[in-house]
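Each of the next two complexes has chain A plus one more chain, namely chain B in the first and chain C in the second.
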Partner chain A sequence: MKKNFLNMLPLVVFLALVISFATILLRPEKIEMMSKPMPPLTLKGLKTEDIKGPALINFFASWCTPCHAEHDNLMALSEKHKLPIYGIAYKDKRKDTDRYLKELGNPYKKIGRDDKGRAFIDWGLSGVPETFLIDADNMIRYHHAGVLLEEDVSATIMPIIQELETTDEN
Partner chain B sequence: MKTRAILIIAALFLFLAPNSHAFVNPDEQLSDPALEARARDISKDIRCPVCESQSIDESNADVARDLRILIRERLTEGDSDEEIIEYLRIRYGDVVLMNPPLNKTTSLLWLGPFLILILGGIGTFLFIRKAQA
Partner chain C sequence: MIPELGHFALILALLVALAQGILPFPEIKKRSAILLFLLNLSAFSALMWAYIVTDLSVNNVAENSHTLKPFIYKIAGVWGNHEGSMVLWSLMLSLFSMLVALSKVQPETFKAKILSIQGLLATGFLAFILFTSNPFTRLLPAPVDGAGLNPILQDPGLAIHPPLLYMGYVGFSVAFAFAIAGLLEGKLDKHWAKAVKPWVLLAWSSLSAGIALGSWWAYYELGWGGWWFWDPVENASLMPWLLGTALLHSVIVLEKRDTLKRWVALLAILTFSLSMLGTFLVRSGVLTSVHAFAVDPMRGVFILGLLTLYTGGALAVYAWKANTLESKAEFSSLSRETTLILNNLFMATACATVLIGTLYPLLMEALNAEQISVGPPYFQATFVPLMIPALLIMGIAPFIPWKKGSFKSLTPRLKLPLLITIGTLPPLIWVMENNNGDETHPVGVWIGLGVALWLSITTITEWAQRTELKPDRIKSLPLSSWGMSTAHLGIAVALFGMIGSTLWLQEKVLLMKPGDVMEIGRYELKLKEVGSIFGPNYAADAAQIELKASGRKIDTLTPERRHYPVAQQGTTEAAIRKSWRDDVYVALGEQDTESREYWVIRAYVHPLVPYLWLGYVMIALGGFLALIGTRKKSA
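Let's turn to the complex of A and B:
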C-alpha cells in the first residue's frame, strides 16, 4: 500500500500543479489595475470628466463574438439596476458600432472610440471584452477579462456596488 | 542503433535553431538608429499580451504592433527604457516581461524545475539502489 502511494506521488503532484495553475490562469479577474485610479480618457466621445462612478467601463467591439454573449447582461445592468455603463469601442468602425447597438440595444450612457488602441494598452487590456468597475472617486475596484456572465454580475459586480453604496451613506 | 540515436539527438538540436524573425514593419521604424536599436531591445523583452510565448518583437498580432509603436513614441518623447518597461509592467504585471523577476510569486516558476529535478534524482537514486540490493 505504501509503495503504491509512492509510485503515484509524481502523478499526484503533477495533477495538483495542473489544477492550481489552471485555476489561476482561467480566473476572469485581473489584479494589476485593481485599486488604482482609472487611467485618463481622452477619446473621441468619452473623456475622463464625462465619467461619474460608481459605473462600469466596458471595452467592446461589434466584431467581437464574446461581446455579443455578454450584451444581454449589460442591458440588464443598465436597465434593471440603473448602473451607468460607459462603452469604449475598440478598433470598431462607427457604422458597425451603430448597427450593432441598433440591433441588440444600447446599454451605454456614452461611447468612446479607441480607434488606435491606445486606451486598450493604457488600461492594461489583452482582449475584448474587458470590464472595469470604478467607484465614485474613479478608482478601479474590479477588472474582469472576458465575457461578463450572469453569475459574474450577481456574485461579483453587485456585491461590490452594494458595498460602495453602504460606505457612501456613512 | 547507434546512428539512429545520434540522428535523434541531432534532430533535437533543431529546436535550438532560431525560429523567430522580427515583425517590425518598415513604416514603424524610427529614423534615429540609436533610438530604433533601443526600441528593438525593449520589444524583445516584452511579452505579447495575446500570444504569450512570443515577444512583441516577433509577433504580428495587432496589439503587439500597437505596443511597438507606443514604445517608439515614448522613446522619441525622451522616456528612459526603464520608464517604458515600468509603464507596461504596472498595467500587465510581471508576465509582460519575457524574463520575469525572481520574487515571491514567481519563485515556484523559477525554482520549481530544480526542485523537481532534485526530487526526481533522489527518487531515481533510491530506486536504483533498491534494484541492486
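Let's turn to the complex of A and C:
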C-alpha cells in the first residue's frame, strides 16, 4: 500500500502544479492601478490648480522621435474620447514646440514649459515621452513610460477611466 | 504557392502523426515515421524558402525578416521567432522518431510502442502549430518591407543556439518514449538501458552544447558582463540538463547492475517533461523575461494541456506499472553504485531547488499573494552548496569499483591527488590574488578553487592510473572512458572560469570624455574618440579605446552602440580583449544629454573566463565521444 502511494506521488504533485498554472493562465488580466498623490506643478503655463481630473499628463518634446509616434493616439484621445490632456514640454524651445503642434495638431488643453527639467525630476521620469493618468482627486492612478500605443489606450487607459467613473457613481 | 505547400505538408503531417500514434500495425508505424519526417522537412524547407526570397506576403516573414538582412540571418530567422522555432521543434521530434524506426531496437512490439508514443507527441505539437502558431499565414496586402529580425538575435552564436538546445530537449523524448514503452512491457532492464544510452548521450551532449552557446551569447552579446543570470528561461534549460545528467549516470548503473529501474523510469519521464515545461514557460508568457518572444495566453493554455496530457499520462502509467519492476542487485555502501546514487540525489535536489526558485513566484501569484521575484542570492545559497559535495564525490567515484570497494585499496590511490591538491592550492590562490588583487573572498576562494583543483587532479590521476601512461593502453582505452574523463575534466576547467570570473570580477563605470583614462586591474583604458559607423542594416556610435597592460599598449578596442532603424531597437556590442589570463570587456553606454561630451563607459575584467568556454566545449565533447563509443561497440 505504502509502495503504491509512493508510485502515485509524482502524479499527485504534478497535477497540483498543473492546477496552479491553469489558475494563473485562465485568470482575466487585472490592470495594476496605483494611487499616489500628484507631485506639485509650478511651471510656466501649467500649475497644480490648473489641472482637473480625470485627465492625462503627458511629458513630450518636439525633438523626441518617439513623441511623434504617439501623437496621433493623443489626438484621438482628446478629440474622440474628450479626455483632457495636459502637456509638459521638456527642454524644448518655444518656437519648436509651436511649430511641432502646428504641424501635427494640438491635443493639449494646456501646456507647461519644463525648461530646467524640474518637473522631470519631481515626477521621477526616466525620459520622454511619459504619461500619467490623474483622477478627479489629483491622484496618479496609472503611469506609462515610453510611447503610448493604440493598444495601450484601448487596453489600459480607457478601462481605467471607465472604472474610475463607475466608482465615482457609487 | 510554396507557403501553401508548406501549410499543406503540416496538415498531412498531423494526420500521419496521428496514424503513427494510434494504428496498431508496426509496419505502418515505421513507414509513417519516415513519411512524417519528410513532411516536416518539406514544411520547414517551405518556410526557409519564404525567408530566403523574403516573401513578405507571409506574415511570419514580414514580422521577422527584412530584405536588407544578411543571408545567414535570413536563414537563422526561420527559428528566431515563435512559429518557426516550433516547426523546428516538430522537425527534430520527427527526425528522432525516424531514427528509432530505422534502428535495430528490439523486440518489434517494444519498438512499435515507442513509435506510438512518438506519434502521439508529434500529433500534439503539430496541432499546436496549426491551431495557434501557423507560420504560413498570409498577410494581404504585403508590406513594402519586413519588420526586421530582432537585432539582438542577429549573432552567429544565436543562429545555432536554438537548434542545439532543441536537439537536446527533443532528444530526451526518445528516453521518455522508451521509459513508457518499457513500463508497459514490464521490461526495463540492462538491455533496455543499453538501447537507450546512445539517445540519452546524444540529447545530453546537444543540450550541454546548446546551454554553453546560450551562456556564451549572453556574455558577448547582451552586454551585461555575465554568463549566467538565473533567468527563468536559462533555468528552464538547466533543469533538464541536471536531471538528464542524473539520468545518464543512472542508466549506466542500470546497464551494468540491472538495478534502479523505477528511478530510471521516473527520471526519463521527468527529464523530457522539464524540457516541455521549458517550452511552456518560454512560449506561454507565464514568466516574463528577455527571452519570451511569444506572449499569447491561448498558446499557454494549449501547451499546458499538452504537458498535462503527456506528463500526466506518463506518470499515470508509472503509478500503475512501477510495481512490476523488480531490482535485485546488491551492492555495499562503498561502491560505484553508491557514488552514482549520490550523484543522482545531488542532481535531482539541485534541479528541485532550481524548479522551486523558478516556480515559487508563480505559485505565490496563483495564491493571490504578493508578486515576488527570486533572484541570484537564492540560487547561490541553495544551488552552490549542493554542488560542492557533488563535485568532491565526482572526483572519487571513478576510482571505486562496482559492487564492493574497500578503503584499503582506495586510500593509496587517492593519496597522490590529495597531496597535489593541498600542495598546489596555496600557490594558486597566491598567484590569483596577486594578479587580481583588491577584493578577496577568503572562504569562497579556498572552497571553490579547492574543489576545482581536486576534481581536475583526481580526474587526471584516475586516467593516468587506468592507462598506466603506456601508449598501447592509452590507444586501447575505450571511447566511453575518454568521454567520461573529458567531460569530468571539462566540469573542473569550467569551474575555474566560473570561480575566477565571479570572485575576482572587477567592474567600473565611469563618465569619460576623449582623453580620459580608466584604470582597472592590470589594465589602463584610454578613450580616444567616439565616431559614427554604418553597417548593412544599422548605424552605430563606436568608441576607440586604447588598451594598455602594465604600461604597454597592447590593443585598440572599439565597443559599439548599434541602432537598427527598421526594428527601432538598439544593441550593445561590447569589445572584448581575450587572453588566457582574463578578458577585458568594455561596453559603450549613453552619451550625456547636457554637454554631449561625456560617455558612460563600463569596463569589466573577468579573470579566467576563457576556461569557462574551454570547459563547456570539453563537457559537450566528452558526451559526444561516449556516444561514438556506444555506436562503435554495437557495430
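In the analysis below, the second predicted complex is superposed on the first by the 136 of 170 C-alpha atoms of A that agree within 3 Å, B and C clash if a C-alpha of one lies under 4 Å from a C-alpha of the other, contacts with A are read in each partner's own complex, and residues count from 1 in each chain.
Here, contacts are C-beta pairs under 8 Å (C-beta built on N, C-alpha and C of every residue); 3 or more make two chains touch, one makes a residue touch a chain.
All figures in this text were calculated on a predicted structure; none of them were measured in a lab.
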Which superposed partner A:I121 touches (first chain B, second chain C, both, neither): first
Looking at the overlay, what does A:M8 touch: chain B (first), chain C (second), both, or neither? second
Pick one for A:A22: touches chain B only (first), chain C only (second), both, or neither. second
On chain A, the residue positions that both chain B and chain C contact, one per complex: 10
For the chain A and chain B complex, residues of the former touching the latter: 10, 31-33, 36, 91, 116-118, 120-127
Parts of chain C lying in touch with chain A, wherever the complex brings them together: 262, 266, 269-270, 273, 284, 286, 297, 300-301, 304, 307-308, 311-312, 315-316, 318-319, 322-323, 359, 362-363, 365-367
What residues of chain A sit close enough to touch chain C in their complex? 3-4, 7-8, 10-11, 14-15, 17-18, 20-26
In their complex, what parts of chain B are in touch with chain A? 49-50, 62-63, 66-67, 70, 90-93, 120, 123
